[in-house]
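Reviewing the structure listed below.
Lettered A, B, C and D in written order, each chain numbered from 1.
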């Protein structure tokens, strides 16, 4: 059982990292619009995050240094600061969107306007970060997040034409009536959502929080190889659900409620209850991850004591950053800025900043001063290098595509 | 004198020819004793060259084996780096250092870490 | 600390310049984002462009109506909670109404456009009315009444579908 | 890296600058934001005497508006009108590894002001601040 619980860091990271509010919506939107023809973008992202999260986890385990510590040391104080500002901005915007996302999930369950839920959600997120032990936090939310597996049952219950779904996924083409730039804009959105930087900030800091040692390297692998593909599969399942239910009726998905509807149609009230619980757990996990990551990045850049493994009094500046970020996020969410749109843009912006995060990880994972004999194998270097090229291309293409397609309109 | 004042400084040789700028500073632990630490780090020389990000990132060191693409992009200029022994440094100004030697003789026979 | 040349190289590589330039970049990015958030409805100068807007509006309304029909189907089978249905239908209604008001604010360029506008407006009024009825019933937790809206919604769906086809 | 040994060589920027500092209890205590060199007498080669740590050392290094802002924070935290950056004597360094480990507790360090200020003025007022998470 203990071994089983050991992989909850990966599950929590993956559930909260893949299926945050933006990704739930992006997957639902693209499924309805492009059926499965963008599944490759998710698969591409999953392989990338597996490679780099494994690396970041290994570096954190062997050298006890999380990602942003390395960023500062390797790219220097100035460029590191530019990176910090960009990463923090993206993390903060995501946090605001996730807080709104939790509120939206609560709205689905209560029919009480989500704006009224936002302050409570902000407080709960802070309370968990302030009071709950890291291990408890990840076990509870990682496991509740598994409620989302109900989507797979729902898909099976709907008796879809599997061969047609598979054909759409394996023979990607730009759906008729959609422009090629729009298609690639959504490809980047899915890819960016899968490789969101806060996942590695959180995962590598989590490895330090849990005091992983060299003999936990297997645990690192198990977490990465189980957690992230699971997140990817759930994303694809949601995409398939909306492809089966909405695409034939030409319904465009704009809201979280629509993302829950196919499961409700397939499995009734139980299914609906489970998927709302799943959405709640996923967005809440993402809020925890981004809230903590806001504190992690800034503290790790400046060398302040961070983490939940010490009493809050011992990590005062870290907790102050988390608290201030949460207050700011709640205020931003309360402006009634569309949380779905906010995350979509944030995900795409994050895609533009991806090389900044992943490049230092690749460099340090090759440095024997830190890694000893645990440096990258030639195989992982080969794949990681290919991804570095992809990341640079994506980051260069993002902003022009965003302008050209009016953000996927 | 602070490390940050040395780093990035332009370096010229005895004839006023520009050699490059300071990438790093080489230290050797053979100074007077300091507290419980032991022998202090003495400034042995300036690592000067036309510039390569590979040096700062640590990719250029031979013990770092990969990835191949980064070594190819950033590590090829390591050979052009010069180590100027501290006793050949004549003058330190604002982001400018002049050395009392020409490039070829500046290259001290100093050991590298 | 990077040497100047090294910094230039790393800037090219990482696509970011010093902190100050980074800030300028950030402002640019925010401007781009805010620009792409606002999707102003351009004026329609010709019948064709007006027709295009009419078709887009009908498609949006149709999407809302179809969503609501799925909701009504779920209500009939008692597969949903009223609270969820109320949110789903409320959002579908909002979507359709905002498409309607956006379309209504476009100046029709000629007489022929006026006729198109009148035709679509009639359809939109019926569609939003059915959506409102369904949402009101859901908010009263009257699932049977929501299920009864399936018929007017189906009619709206047929009408809007025909309209969209005719504009192709 | 090996334990301290006479004659050991390293690169200041690559091996020391921007590294994490840990105190005697392995608590994080800032970064090596700069190093201070001093010559024992005229003409002697300078030796590293202090680690400079904290925003007072980082600000001038970064330059620009942001750098000045950071230096400003530092100035507000210190009583003296023109405070220098916080110093940590190299003599209290215990070990150079992936981190720079000290033999002092961080409360004894000059660069702890911002942490102490945040703790006393904000975090300590929130209930549960001194409890370990459950």
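Everything below uses one rule, namely that a contact is a pair of C-beta atoms (placed from the backbone, for glycine too) under 8 Å apart; a residue touches a chain by one contact, two chains touch by 3 or more.
Just so we're clear, the structure is a prediction, and the values are computed from it rather than from any experiment.
Enquirer: Looking at A-D and A-B, which one has the bigger number of contacting C-beta pairs?
Expert: Per the contact counts, A-D leads.
Enquirer: Of all the other chains, whose mean CA position lies farthest from chain D?
Expert: C
Enquirer: Centroid of chain A to centroid of chain D, CA atoms only: how many Å?
Expert: Centre separation, chain A to chain D: 34 Å.
Enquirer: Any idea how many Å lie between the Cα centroids of chain A and chain B?
Expert: 42
Enquirer: When the centre of a chain is set as the mean of its C-alpha atoms, what distance in Å lies between chain B and chain D?
Expert: 24
Enquirer: Roughly how many whole angstrom separate the Cα centroids of chain C and chain D?
Expert: From the centre of chain C to the centre of chain D is 54 Å.
Enquirer: For chain B, jot down the residues that touch at least 2 other chains.
Expert: Those would be 4, 7, 23, 55-56, 58.
Enquirer: So which bits of chain C are touching at least two other chains?
Expert: Expected reply: 1-2, 7, 10, 13, 18-19.
Enquirer: For chain D, write out the residues touching at least two other chains, lowest number first.
Expert: 13, 17, 61-62, 66
Enquirer: Touching residues of chain B toward chain A in the complex: what are they?
Expert: By the definition above, chain B touches chain A via 56-59, 63-70.
Enquirer: State the interface residues of chain B toward chain D in the complex, per the touch definition above.
Expert: 1-4, 7, 23-32, 34-44, 47, 55-56, 58, 86-87, 111-113
Enquirer: Where on chain C does chain A make contact in their complex?
Expert: 1-2, 7, 10-11, 13-19, 21-23, 26, 29, 32-33, 35-37, 39, 59-60, 62-63, 66-67, 70-71, 73-74, 77-84, 86-88, 91, 95, 139
Enquirer: For chain A, which residues count as touching chain D in their complex?
Expert: Contact set of chain A toward chain D: 63-65, 69, 72-73, 76-78, 80-81, 130-134, 136, 299, 302-306, 308, 310-314, 316-317, 319-320, 323, 369-370.
Enquirer: For chain A, which residues count as touching chain C in their complex?
Expert: Residues 75-79, 81-83, 85-86, 89, 107-111, 245, 249-252, 254-255, 257-258, 260-261, 264-265, 267-269, 272-273, 276, 341, 345, 349, 352, 355-356, 359, 392, 395-396, 399, 402-403, 406-407, 409.
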